[in-house]
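Below are two complexes that have chain A in common, paired first with chain B and then with chain C.
So, the complex of A and B:
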């Protein structure tokens, strides 16, 4: 009622009847896996809410000060204003620590749910023409999310994040010819420069959130405009859309999901410690802690670095540092290939048609195989990125673990591809030609005490038909 | 017969004379035996017995070491106490990396072993005195982060350091054991002399390590203090995991 009156009220004034009414009635498919992107959206909302709170107290300055707060082991230590303000948020600002931790957990879940969403879109072929642009925007959002996470992780100016920044600085330096200039341009001088924290702060709270908000709006507008893909039973026209209308069911369910997401993130933030920078201490260039890992979404990048041989090339009098290939070229190739995947696949399959259905992974064994192999590849790289922690728990040598991982990195994706391809092909074949039930045979006892066979042709055919009917139900 | 008896008597007499000679020579040889100390205390006798039963196989009776174990010459009481009190020695297999365990000896027996090893292999690092109440937490944190966190982890929970070696968690160590480890550098750990970590640094370091054992966990579960690896696992498995279960329960399945 209230909504109807509100809509009427807006309509009378703005003459938007057709637009608003049409869109409130718009139908969205509601398969559970289509909501993964919403998790990312609501995690991002949580990031904005908690991030705004944190920005009120964070001081983006590398200027030195003496810590005089309540955390005993730092009292009297020389720390940067940035580090001091993070300790203040953690120990003095009311609800500061839960806000900070929720912010960090939300960042991890944000990137994790974006990744899960990407995996879903990949395996269902939802990136195919005409939705390539949504896919490219999505990949850009993932990169922006990782960038937002990394800049945020670096802001507290603690020893752990400083180590990560130093790696990035060295990676930029390793770019041939322009590396030194680029590094000076972005870092504002030799690492660790006084410009660094203010610049990271501007990127983290202004540029990247603005970029994400803009891309996210475009991403959602495209979904709205192009309609969502959905699973369709064979024979259903691609123009048909089934699901729930935006108002009231889909919208209310989505709001519910938003609050559940907030609840999970807040619970993590309140119950589980994350990035205890007070233990890591302030950043000093001559020291490094262990175990030193980046947040999980950069773990695979760390893994490439840890496994890569220390090759250094000299080309035309220029030194190409050992970081250039693993830290710049390979991630560049991976993200480019990911962004261009819809075009690569379309070209490989000579497919220029427009598609509005979501495929089942089994129907595309090659793509599903490549996707599964890719997941295995990234998981192995993440394991390599945490090799010291793994070695401790597995009680093996780090060097042995590295050697094993180097081999597995080439073997496992191939195996995973083969197994996935095989499973998909068989599932697909079973669906298109279900195994017929054996003919039903009844044995009846006759008057002589023996048995007669009675073949019930009609009933066995009926059983098969019923089975097929079950399967084809959407 | 008489001739035979005479022969037997002569044979017996010869045997007795040879036996006597051996006994006398043995007595002379015994008097030249190496004397561990002129005034052997009960503690050293106990220590010697324990040493010979538990240590000498690998470290040799004279503490000079064998192929299975290093020489104990000049290792000093700090090393002996550290290895025995933390249960790292005796090792069941000389090729194992010594790991912390239940000590095999009582503190009285350990004192006896220290005294005995000190008597056959004098010198080395004395057991340091560590007074946490004289330490300063902030200084301790600084010493720890600059010298120890690189291997033992910023949370002191341990990490692997390559070559199959593990820098263990420091939580179970007593202040004295922390001091001993700093001064002797067990295994692949570097040795930190007073020129790097002076007495006040050492007291502060121990104070800080005792402090973070029960403190510093503001914010909830500490997740093993291994940092981003555990955090990422929790974010994906617990955070995203719960949310996916919610999606699955509330969304359409087909």
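So, the complex of A and C:
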């Protein structure tokens, strides 16, 4: 009864023809890799839920106070209200620590699954026309996700976060002409200013989540409207999509996945310690932790900083700070190139057609090679970002390791490109020209008691043709 | 019950039990590990239940093929009409030349006015990046405010110092190091500011501004914990390794008659990483 009235009500208001039926009956193609985007979506939901809880207890203030809470080693220390409130969430608010750690883990999973999703879309060519806008929004979401992670990780006002902030401040400061003004307007004055924490807080709980929610809605609406690319089943046209209807099976599976994601995040949050700010201590401007390691998504940026040569430029009596190239220009170029990739590729291939088929990586050796080389590049940068830890582990000098990494950074991507290209080429070739069946030869006994060879050319050719036609679409 | 049905029931049952237990744990004061684990069970039970339900208990519907777009593609005429509509609207506005220019002017002026609040976000940098709190005669004190004297440091040791009254100041932090006086190779105009092998440098790394944490007495090097820039203390804190592009500014000091250490003035250069206004 209720369902009937609901359906009627919606139908009368939103669409004369059955709006609900059309959308519930809409089919979604199924492939395990489509799960990655969903994973990102559900970790964002978890971020909103836990974040709302945390925001009720967090105090965004740098004002000094003396710690008198239950955490004994910190007793009597001078700390900021922000830091104190984080300790309170961790030790006094019931379920506070679980919420905080789940929030942090969810942030890591959010960025990681967006990255994996992006890699999937890249290698299957799912960004091609008409889905360029989805891709650009996706890249922006990734940047926003990293921004959300960074501002959040800076809020507790602990020693580690202070170090990260200082580096960002210095990067802004290094921008030619407007750098000092930008840094002062954005950070509220010379680092560390009293405005900093309240500002980061507004960014972290208002601006960035609002941006992500908006972009995410647009991203999902586009997917809904444009449908997924897919590995098309044999015999269906490219203008069609094949899969299971949304209701009820697909919906149930997706909600199931949401709950599994939540469960894993909750387990991590309860059982696996992350960012124990009480061990790092409160931020003081004159000390830094060693070794200092950022969250993984900032590792490659840290890597660029560590490997970049110490060039500082002096022009017309002005200085362009060392950080400008590695911390501003290079990441800017990387993200711009990433966002514009669909157009870059379309132009290089003179491709203006609309595509709905997902491609297999082997069918595009050049793109796959570039993608693999890019991944190698980022992995090396992440290694460089923890060169001090790595050097200790490998028992070599940091200088030696850096030297090696600098060389590898140029050599490895090229090699990876070549190898990937070659493998893709080979696989592709094998697909399109399966090894011809050996000609069928029959031996027949002849009247003299010997054997005659009978070559059955027609049949063996027929076999090959049948094999090609039958080739399964994955 | 079928086996799959039992699996779903069990998963949902676990979820119910875990949620109820979670309730008890919470009421009794809470425990992070138990909360996390129980929450995971409660959520995971629902997740697994739904997945098994969908995959095993729902009839296997054959994949369906649908056209990607339900609406008929626009014809050339449709597009023409759309362009036509847009253009005629613009034309209608453009027709009143003077008014439309005024409109653009108003939008521009409003845009400018909207930028003004940005100025409230921070004060002008002015020359604040060039100066610190060090003034001639300022006494060197530790972070706790204890004055540093001639005899505080042994050769080979170091401490963090601030101008008296500005303990903990971020831009004024300096390292004071004692080395063998004859080993110091400072330029002639700087040697006077490092009496008796006591030499002070800005503690802020010239790379990205991290406070330098490590003094390697054997090689007389200061090392930054952030990206391993290394500075040679004997040679005017010249960067010998890493991404830091320039030496640490020196703080000229003197030994006062009462044995206390005092600054002769501000640092020899602006402290920290490079910025545009720097010469």
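Convention: the second predicted complex is superposed on the first by the 416 of 474 C-alpha atoms of A that agree within 3 Å, B and C clash if a C-alpha of one lies under 4 Å from a C-alpha of the other, contacts with A are read in each partner's own complex, and residues count from 1 in each chain.
FYI, contacts are C-beta pairs under 8 Å (C-beta built on N, C-alpha and C of every residue); 3 or more make two chains touch, one makes a residue touch a chain.
If you're wondering where the values come from, they're calculated on a predicted model, not measured in any experiment.
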item: Chain B versus chain C as contact partner of A:87, first or second or both or neither; value: neither
item: Touched partner set for A:301, first chain B, second chain C, both or neither; value: neither
item: Touching partner for A:292 - first (chain B), second (chain C), both, neither; value: both
item: Partner chain(s) touched by A:245 [first = chain B, second = chain C, both, neither]; value: second
item: Chain A residues touched - chain C or chain B, whichever exceeds; value: C
item: Contacts of A:146 with chain B and chain C, given as first, second, both or neither; value: neither
item: Which superposed partner A:257 touches (first chain B, second chain C, both, neither); value: both
item: Touching partner for A:74 - first (chain B), second (chain C), both, neither; value: first
item: Which of chain B and chain C A:358 touches, first, second, both or neither; value: neither
item: Touching partner for A:318 - first (chain B), second (chain C), both, neither; value: second
item: Contact residues of chain A, present in both the chain B and the chain C interface; value: 97-98, 101, 243, 253, 256-257, 260-261, 264, 268, 270-271, 284, 286-292, 388, 398-399
item: Chain A-touching residues of chain B, taken from the complex the two chains share; value: 137-138, 140-142, 145-146, 149-155, 158-164, 166, 208, 211-212, 216-223, 225-229, 231-236, 238-240, 242-244, 246-248, 250-254
item: Chain A residues touching chain C - in the complex, by the definition given at the top; value: 22, 26-27, 94-95, 97-98, 101-102, 163, 166-167, 169-171, 173-181, 183-193, 195, 226-227, 233, 236, 239-245, 248-249, 252-253, 255-264, 266-271, 284-292, 302, 305-306, 308-312, 314, 317-323, 326-327, 356, 387-388, 398-399
item: Contact footprint of chain A on chain C as seen in their complex; value: 26, 29-30, 32-37, 39-44, 46-51, 53-55, 58, 61, 63-70, 118-119, 121-125, 128-129, 143, 160, 168-171, 173, 203, 206-211, 213-214, 224-229, 239, 241-246, 272-279
item: Chain A residues within the chain B interface of the complex; value: 29-36, 39, 72-77, 90-91, 97-98, 101, 104-105, 108-109, 112-113, 116, 159-160, 231, 243, 253, 256-257, 260-261, 264-265, 268, 270-276, 278-281, 284, 286-297, 299, 382, 386, 388-389, 391-392, 395-400, 473-474
